[in-house]
Structures are given as structure tokens and as C-alpha cells.
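Both complexes below contain chain A, partnered by chain B and then by chain C.
Our next item is the complex of A and B:
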């Protein structure tokens, strides 16, 4: 099985003609963001927030800078800095089983917030959007104790039906007003509805562009890598949503995707297997993990992880005409805030819409929210949906749990058996997996 | 692999996963009515706990009753009761359940209670239940409900979102709406309309049970010499398994006997037992804590009985339930702390006049584990001795635990 040639200077092996302008722009946005956060003359107060169900537009409309410790943690992992933070957190008493994001963050803050990509400022306010992960509550409690700053708890009902109840929206909207009053008190500024609506216009524009990008995975061959490439492009939709830069960014991305289709520049020279990927990536080794796919001509055409910040591809948009209601609806839509029956439905729809041939589930040892039940999901995909599915496990933050030889062997065996089954099918034998 | 999640229907007569004999109780629970000494009650309790086939739920069914399995920590059992259903606390498989199938479905790095509960579902042991109720106490319990909905499709399960915002005035109508979603399922299950009057009566009954449990806890705190930790635990544990109408008189009799005891307090160290709010430690481990010279004067065992002291009746019983849940500050790993962990543990130490803390956390229980770090920091700051131990349902050797506990006790005695 030939590997894609033309390695990048960073050794990733990914074609430079595949990742071009958009990747460069994304890097620039990331650098500018961290430079702003670390700037010594920063005058804006800082709010910490979680990605799922976040209230970035509201908080930004009061002039806050927003820090997402999950994003900082994954940046640390990609840059191979997470282990030091994790070990430090373990020395503080956090056990092996605690979520790697939490340990990275708490270890990092105890080491004064210094990273190679910037200084992470201390928070003035903690906004916990409890949307899909109970660890959020524990994490924010720990931050509140160590920083001694107020914690606003935004309690987001877990989604068990496809549509929220009126009481869910009422509850959420009422909490949003409580947050507004808190922000008014803390900043001495009056709430500016027009400023919020203006941001929601930009959010919506970014969401349209992001969804266009994700849906390109439906093309055959897919011009995008819906898992590994999305990891880069999630940054603007999750971190910078509500800004013009984020909305413009997806214009550049989609222009590039159109150019790929025109020029027939695809993630791989030949798309042999269209894969659905479920689960958080092993950020510490994600390029190695990507190589394990590429070796077999496997392209991820759709993935659940990019939906952690919101299910925009299922139709949701922020709406300046219904600012509070739409923010409330948004907060419910984090992928992990969907019950297993809803997750299964989303995945079944993806398999059909994106014509996936197989699924890879990547379980995270220290993340129960995403992972508890993925074994059952594998069984359901294999048995009930007839989709060949492989479950592998490592960690998103902790490189000690990434066993490359073991993961590669399992993926090789999986893709090989898929190839064999296809060969038998092509020769007139049983075609299903 | 092919039959990984196949549920036998009807379930097997006897699941292979179970070790030991099944306990058969009379449909009217007369064994408990006839048990007049604490020894007799405790013997029955041990038998019931040793049998993971839910003997009390099976007995209830013999008389045509229906039962609902309720996962810890807090569920509105009064609502279940008001439909004539028996709410039964699911407290894991204990020591007598082998896990063979749940690992593959649920994943590794998870607490034993989640695995043994799923194992029980996969092997037909949850057959005595007509429905299951899971509160959103953590991501594991929440996801477990999602798996139940697939592996036991013919038995309704319900995930209850318990609010984490305790100050919002809208949390009460929200929680009432949550209760109403549960009620809709129970109405379908029982073919009976919800009756607020009946719920009011159920609340009164559970208040009675709570008051007795509180009396028991006060005895354990103020006169620990009179009651052993395992006794105390078993009496409370029965309260989540038996019909409350059976448990209440039983507890009254037990209390009267304990209160009459002439035993003096020993020279033991009064401690708080923090962490086992969901998965339950073995009886041997509890016994060991006492054997090494500790009195447990405050704990998180069997929280279902003392989440709220008493539910104040009001014109709308659902609102009363919701108000009690939201307005009772409880410091526990699965609820946003109302103050700080430092303030919380100090208040509990003061209230119980405890000298130290034993953290007994279920292995892989992230909510408990994360709290321990904050609690420890606060205790070190206040120079309060503590010990942290992890446990699993199927703990068999206790040498290490004994050593740790003995060292802890000695360090306090000779400090």
C-alpha cells in the first residue's frame, strides 16, 4: 500500500497542495488569538468558557476576552507539552483516571500558564456551560477555588428528545438574563442588544461556511478530510465565533475546497475507503494516527468530533432575530449533550448521507462523556447497521496511552479484512462486511 | 461477540453470573415483619444483599406488583411510589456478580457500579423491574441509560436531568417539567393517571422514613458506641430495597432496640467518611474501618435517604419535591458545591465533631476523585488528618486497606 509522497517540512506527509491557504490563515488566526491573550497591555477582562454550549457572543458583547481551556489543552497536546502539565497535575493529587483536559489545564495554571504559544491569562469570570459533560462542573469548581473568582453555572438540559421542551428554553433563557445581569454588574456596562445581534450575524455567516465545508465530505471522492482536517478548522467556529475573521475564514476554506474539486486535488491520490470517525482525536499523536488511515487509502468523510461545539450541520443557526432563544437552542446542541439514542441516529444519518464504508471509533480513556458506551455503539454499527466498525482506544491528552504499534496492527488488520471482503464481493462472493 | 448484547427474553431462570443461592421472600415480606431483633433483621439484610437477583423486587412481583430500578444518587422515588410501583435502589452487583459482558459494551476505566448494573441488564438479572430510572449524576450514569434503552428496549428507562443551577428561579419549573416527563412514562407503564393527592401521601410516607433514618444517623453521630457501622449501613440499605411501608416499622423497632442499648463509646477516632455516595463499599471494608478504631460520625452512604431532611408539603407536590431538591444544600461530588470545598468540609467536620476524614472513593469515579484533591488541600491547610483509599465492588483482600487505616489511626493517636 503506497503512502502519499511529498512530505511537508514538518514531516506530516500531507500534501502541501492539499493544505494550502486555509491552513496558513488558520495558523495566523491562532497566533493572533494567543498573542492577544498574552499581551501585557491587555485591558479586557477574561472569561473562561467551555466549548460545548458556550456563550461567547454574550460575554464578548461586554468586552470580555474568552479563553477556552479545552482548546488550550489540545494545543498543548499537539505541541507535545501536555504531558508535563499532566504530570504536574498528578503531583497535585489528580489521579490517572481524571480527564486529560482537566489535568492539562490545572497543571498548566499551577505552572503559571506559560506555553510555547503564549501566556494564558488568569480568569476574571468563569462561565460553565454544563452541556454534555459533568466533568465541566468539577473542573470549573476547581478553577473557582484556585482563582477565587465568580462561577456562573449555565445549566443545559441533556437532550433526550430531538426537540427541546418549552420549559427547557425558558430555563435557558432565564439563565441567560441572569448572566447578563451579572456581566452588567461586573463591567458597569449596560447590555447592548445591537452589539449582540451584530455578533450573531457573524456567527451565522461562520456557521453557514463551516457547514458548507463539512458537507463537501459527501462528494465522491471527498475533497476534505472530515476528521483530521476539521481539527484545524474547528478553531474559528469554536473560539472566534461571532467575529468577522471567523466568518471570513470559511470563505477562504471553501474557496480552497472548490479549487480542490476543480484541480482534482484530494486528500489522497485514491479514495479507497470512506470512513466515519467517532470520538475525540489522540491529539498527542494525531499525525501518526492519520498516517494509519492514509496507508490504506482511507479518508474520513464525516466525523462526530467536529460537532462538539454545535450541530450546525443538522440545521441549527444562531439567529439575530431571536437572539436569546437561538442561543438557548444552540447550547443544547453540543454533540456530547445528545443522548445515546440521538447519537446513534445522527451517526446512522451520517453513514447514509456520506456513504461511509466503515467506521473507526476512537475511545478516550480519560473521557467518560464521549466514550462510555462506545463499545455498545460498535456493536450496534456492526450488527444492526451492517457497517464494519473498529474500536480503538488511547487518550486525547496523555501520550502514555497511545500505543502506536498496537493501534497500527489493529487498524491494519481491520482495513486489510475490509479490502479482502471487497475483493471477494467484487469476485461475486458475499459483498457485505 | 455476535451475541454480546443479546438479552434472553424470557430471561434465564438463573443467570450464570451469580454466585450463591437465591433468596426467596414472601410476597407480603412477612420475614421482615416477624423479625423482632436486630440480629434477625441484619441476617435478612445480609441475605438480601448477597443475592444480586433483587429478592425484594421479585417478592413484590409475586403479589402482582411492579418495580422500578432507581440508580443512585437521588431520584424522586415518591413519584414512582405514587403510581403504586416499588422504587428499588440499584446499588450495583456487589461481591457476587462476575463481569463478563459489560466491559465490552461500556468501556474500560469505569467504575464497578456502572459495569455491574449493565452486566445485570445483559444477563437477565434486572428482569424483576418494569422500568429504570437514572439521574444525571455523572457522564457514566447518563450514558448507561442510553445503553439500557438499546439493550432492554421493551422496558422503559428514563434519564432525569437534575439541575446544577441552584440559584435560578426557573430551575423549579424546569425540574417540575423533568418530573412531568417521567410521569408521562409512568402513566403509560401503569395505565394510571398521575394523582397529586397520592403523591402528597407518598411524600408524607417518605418523610416518615427520612425522619427515622435521620434519627439513626444522629445516633451514629452522637452515640456511636451503641450502633455498629455495618448495622447502621444495613438498616439504611434495606430502606431502598423494601417497600417503605415495611421498612418504616422495621426501622422503628430497630431504633427502639438500639436506643435501649447500654453500650458506652469506645476510645475511637470520630471520622467523616466521604466519597461512597454512589458505588457502595463492601461490608467487610466498612467493618474494617470500625475495627481499626474509627467511629464514622458523618458519611455519604445511601444518600437517597438524606438528600433532603424533609419535604415541606405545599399546594403542588411536584413543586414541593423540586424545591426540596434545589434548595437543600448538599455537599456531594455529584452536585455543584454551594460554597467551597474547604468551607464545606469544615462545616461537616464541625457538625459531626469529627477529627479526621477517610476518603473512600470508588475506583474510576471521577466526580469523587476530583473533589478529593480540593478537600485534601483544604484539610492540609487546616491540619486535619485524612486518608484516601479507593475501592471496587469486588474487593477481596483488605491487607493493604488495613495497613493504611491502622497507620492513619496511629498517626492521630500519637500526634
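Our next item is the complex of A and C:
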């Protein structure tokens, strides 16, 4: 229950004293990446790829720059530039129900790829690395037709069992060789196994560091914000994985986390509620949404969204000793490629390991592959797991779907009811009017 | 110290205020339309309730704001969401309540509560106004009635029509279509009420339908809605002349707990 002033402890978003060197370094890496992509002197060809189960190391080993249109789109959204691209795509004929990532990308490209953070280059190759979403498949087909460049469709079977089957691995490895042949043909370069293995060494190092960061959320109080802060630190693991810069970055992050524990610097002065967050963030209103948590002393200690680029915290690592098999396992293990029973198990494990008091599910209108099933998840967590869980919905890209008053009202009521029940529990019985 | 408290509920269409005496008796209440100046509307609501209670503002020990405009109740000491307030108000009037159905101007809520009147779970309609008081306003207007007339008229229906759309805008078109086909307005109204209940039932099922249900919010004053809800559930629901004020009453009760040193 809040006092009348609707307080925000230290302004909107998070305190500058909390996010220090790592945030600065992450910004630098982002700027350098987009500067490289937009440079008139760029000599490397460009491959477009999707984040989930991506094949960045293989493509990079042939000298490609990799562009992830999903990440460009979320950068547009967080900088309040997505709506113009979406409206432009709608004027091209894409309907209201089409995914915001798709419309941002198609609208942006039709507007010559100009953003405030850099010029997004046209692709020379399209690698559809996540085929679990049919909208993505159609998006990539539309891009292939629009740009007149080759499209490599990576067919990844859906995961209904916890461990991948040998025949699935074999199927993916055979496709990886198809990709390598295509890349050899496109670039005129021979495949360099040593170069790939060298990248996988760096990938593994980055994955170790990223997992150390995520697992800091198990501490009480948590020295990290596992949802809102992770969104910043996902960039190197998703976009720059396989580079030394990405691996080194997590060394800086974890040093900062250790310093926070030592100095007792936490996301909030008091961690009142430990929250698990499931779902894609509303990037268009990212800080507003964060404030809705902060106001109630709620800290996200674990989240599923930062795992879309890989379930590294569940034990997976790229392996230079088994390069193709481990890449295949990685692609199969993408979070949204897991069946709902598997996702539920992951979430139930997180609740226990991170000692979450409550869960917040943020569904997005755009994406059925992530969101379908979240209503059932809410009921399952509430009823079967006894975990107070709130489901709210907006969108990750389209600000027209974010209704601040309604979302705030739901979150206020949810945290208020948690607070009341705790007060009653602490008092040893129900309060009376 | 006085234990007189007030709750001010600024909803999407109306502002309500309840003043509670030391024995938790309602001393005064008020209801007025909300305009563009919410701060003034909140003041007016409080002044009107105090006037009815014949109590000067200086005697009020604690004021709690609730509803969408709760942060505009600047003269209050506490804000609580209307979800918690309807839960508390319903539990106060009907202690056996375990499920509250609140249908207001632009929101429908199903709130499951425990024996202390605390929220266990809740579900709300999406951000559109389908199936809310606004829906009834629009449909009443399309049929040429005042909103206060449509509930009793719907009870006179003989063959309720099926209204399939729950979208306020599309339902208006559907009503117009039925009118042009010569359907009895009373049958159309009964169909509209049933369509709202079906939508509300979906929210209720999401949190779990409990044996004792209390119906709150402005739409609970509509006899046709009460009838349709009871008919669909197959049992009576709790309704009170104070049902529209339960948000304000619950807010006042939260304030009362603060004054008495409870958690509130």
C-alpha cells in the first residue's frame, strides 16, 4: 500500500550509482558495433540472423558481419523510434496483428535503414536460424524476395524432451554443412575449422561469465536486476558472442557485481519482493515499467527473457572439441524452442533456486510463439505451485499497446495484495476492520 | 483522537465518497460525475459526503484515495487500489464473500478474496471497455433509452436475442441491426445483459468461481445485470444499495485500520 505521493526513490529508472563501469562499457560496445555496420569503409559482407539458436560463429568465421533485426528493432523501440517504422510497414500493407519486430524491420528498411544509433546495412545473406515461429519464416522469405539475396532456412525441430535426440543433432549438423557449403560458395573462402574453434573458445568464456552474472540473483538481497539490468548485458552474449570483447565484457560485469556485494550496493535500498519475470519486455516503456516494480521494492532476481539467446545457465556451453554437435545442441535448446512442459520445469526450478516470492508474466501482442501458453502458466503457478503470479499484456515494439494506467493499476493491486498477506502473516492472523 | 475516516473513490466515470463514523457506520456518502478536473471532483465528493454526514472536515482523522484517480486525492494520507478496496468493502458488508465481481464504467474485475477480505487473486478485462458500464451506456443510447431504464426493461424480455459481439463499437452495430429487423428492444436488452455476463464469467472462472459472490460497482445497481448474473450462476449473488460505494467504503476501512494502528 502506498503513501499518497507515489514516490520514486531516486527518479525514473535506476540510480546512476548502481550502474557504473559495465553499463558504460556495454554502451561503448553497442556504439562500436553500429559504427562498424554503418561505416562507408566496411568491406565485410552482412548476414541477417535471428537471435534464438543463432549460428553466429560459423557465419563470422567466413568474415561476415552479423545483423540481428530483432535487436535493431528493440533498440528502435527503447529509443522511441519503432512506431514510425511500424506505421510505415502498415502503410505498405502489413496488418495490425503482424509482429512488431517484423514491421519495425520492414518499415525501417523501406525508409533506408536510418536510425539514431546507426545506419543498418542491407543483407548479403539471410540465415533464418529459428524456424519455430512461422511468422519469422515468412518474414525471412519476404526479405529474400525484397533484397534478392540467398536465404538459408535452418530447420530446427521443436523440443519436447529435455535432452536432444541423436537423430535431431545429426539432422542439424547436416544442415550446418549445407550452410558451410553455401558460405564457401558465396565468399570463395574455404571453411576454416581452427577459426571456428577459436571463436567457440571465446563463446564459452562469455557464456561462463554471463552465467556467473545471472546466478548472482540467487543471493539475498540480489546484487543484480535479473530482468531490467540483464537487458543491457544481453547485447554482448547475443550480438558479439564468439569475440574476445564479449568474453572480456563479462569479466568487467562480474567484477562490478562483486563490488556491489562488498559495498552493499543493491538495485534498491530494500529488497521487499523477489520476483521471477517471464516474457519479453515492453521496450517502448522500459523505464516506466521498471518504475512500477521499484515503487514496491520489487527486484527481479531471475527472468526467462535473458535466456532467449541460450539457456547457458542450464548447463549448455559451446564446445570447441565438439563444434558442430554443440552448435546443434545450442540451436535446439533455444528457450522458445522448448515445449511448455519444459518451460514450466525451467520456471519451477528458477522459483526454487532463486527463492522467488512472486512471478510477473508480461505477454506481448506481437509474439504468439513466446506468449501463447502464458495464461495457462499463470494459472499453473498460482494454483499448482502456490506462487502469486500476475499476467499483464502490452507489446515489445508497438507503444500503442502499452496502457500505463491499466498496467500500473494491476501491478499496484498485485504488490499491494502481497504486502497485505505478508502483514497478516507477520501478525499471526487476519487483521480485522 | 477522532476515528472518523473517509474514503474517496475516483473512478473512470464517477467519484464516490464514504464517511465512516467511529463505530464503522456510514455517516455520509456522495456520488458525482467525473470531469476533466479530477482534483476538484475529489474535493466535491468529500465535501458532499461530509455535508450529508453533517461533519466538518477538521473532524476527519484519515482520508484514503482509491480508483484510477487515487493519486489526485491530494488531501488524503494513503492510496490503495480499488481492487483491494472493493475486496475489503464487500467483505465488510458480506463477510462470507469469497469472490467479488466489480463492474464499473470502464473496467470489469473478478477478485477472489480470503476470510479477512484480502485479495488472493484477481483478473480484469483487457484495456478496451467491452462488457463494462460504458458498453451499457452506448447500447442504451443506441436504443433511445436512459441507462437507468434498461435493466428493468430487460427483465420483461420474452425471447432474448443473442448478442455475439463483446466489442462496444460492434455491439452498437449489432443492436442497430436487430432494431432494423424489428426485434423487441426488451429482447435486445436481455441479450446485451447476457453477453456482458458471459464475458464476466470468463474473468470469474480465471480466478475461480466461489460459492458466495458479491456484485459491486455502478453496474451492480442494474437489476437486469443482477438477474442475468444470478441466472447464469444458478444462485443468488450479494448486492446492496451501497454496492456502488464499496470502493470508497473499502478505502475508508483501510484508513480506519491505520487510525487504529493496524496494517491497513
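In the analysis below, the second predicted complex is superposed on the first by the 414 of 433 C-alpha atoms of A that agree within 3 Å, B and C clash if a C-alpha of one lies under 4 Å from a C-alpha of the other, contacts with A are read in each partner's own complex, and residues count from 1 in each chain.
The rule we apply is simple: a residue touches a chain if its C-beta (ideal position, glycine included) is under 8 Å from a C-beta of that chain, and two chains touch if they have at least 3 such contacts.
All figures in this text were calculated on a predicted structure; none of them were measured in a lab.
*Asks:* Kindly classify A:255 by the partners it touches after superposition: chain B alone (first), chain C alone (second), both, or neither?
*Replies:* neither
*Asks:* According to the stated criteria, A:405 is in contact with first (chain B), second (chain C), both, or neither; which is it?
*Replies:* After superposition on chain A, A:405 lies in contact with chain C alone.
*Asks:* Touching A:102 in the superposition: chain B (first), chain C (second), both, neither?
*Replies:* A:102 sits against chain B, while chain C stays out of touch.
*Asks:* On the A-aligned overlay, A:270 touches which partner chain: chain B = first, chain C = second, or both, or neither?
*Replies:* Neither partner.
*Asks:* After superposition on the shared chain, which partner residues are touched by A:379: those of chain B (first), chain C (second), both, or neither?
*Replies:* Touch status of A:379: both partners.
*Asks:* For A:21, is the partner it touches chain B (first), chain C (second), both, or none of the two (neither)?
*Replies:* In the superposition, A:21 contacts neither chain B nor chain C.
*Asks:* Given the touch rule stated above, what does A:393 touch, chain B (first), chain C (second), both, or neither?
*Replies:* In the superposition, A:393 touches chain B and chain C alike.
*Asks:* Identify the partner contact of A:31: answer first if only chain B is touched, second if only chain C is, both if each is, neither if none is.
*Replies:* neither
*Asks:* Touching A:413 in the superposition: chain B (first), chain C (second), both, neither?
*Replies:* second
*Asks:* With both structures fitted on chain A, tell me whether chain B or chain C touches more of chain A's residues.
*Replies:* B
*Asks:* Which parts of chain A are touched by chain B and by chain C alike?
*Replies:* 379, 383, 393.
*Asks:* Enumerate the contact residues on chain A facing chain B in the complex.
*Replies:* 92-95, 97-99, 102, 130, 133-135, 137-139, 141-142, 144-145, 153-155, 157-158, 160, 165, 167-168, 170-171, 174-175, 178, 339-341, 343-344, 363, 365-366, 368-369, 371-376, 379-380, 383, 393
*Asks:* Give every residue of chain B touching chain A within the complex, in rising order.
*Replies:* 1-2, 4-5, 103-110, 114, 136-140, 142-147, 149-151, 159, 161, 163-171, 173-174, 176-178, 181, 333-334, 336-337, 340-342, 363-364, 366-367, 369-374, 376-377
*Asks:* Quick check: in the complex, which residue numbers of chain A touch chain C?
*Replies:* For chain A paired with chain C, touching residues are 1-4, 6, 379, 382-383, 388, 393, 403, 405-406, 409-410, 412-414, 416-417, 420-421, 423-424, 427, 430-433.
*Asks:* Which part of chain C faces chain A closely enough to touch in the complex?
*Replies:* 24, 65, 68, 71, 73-74, 76-84, 88, 91-92, 114-122, 124, 126-127, 206, 208, 253-254, 256-257, 262-264
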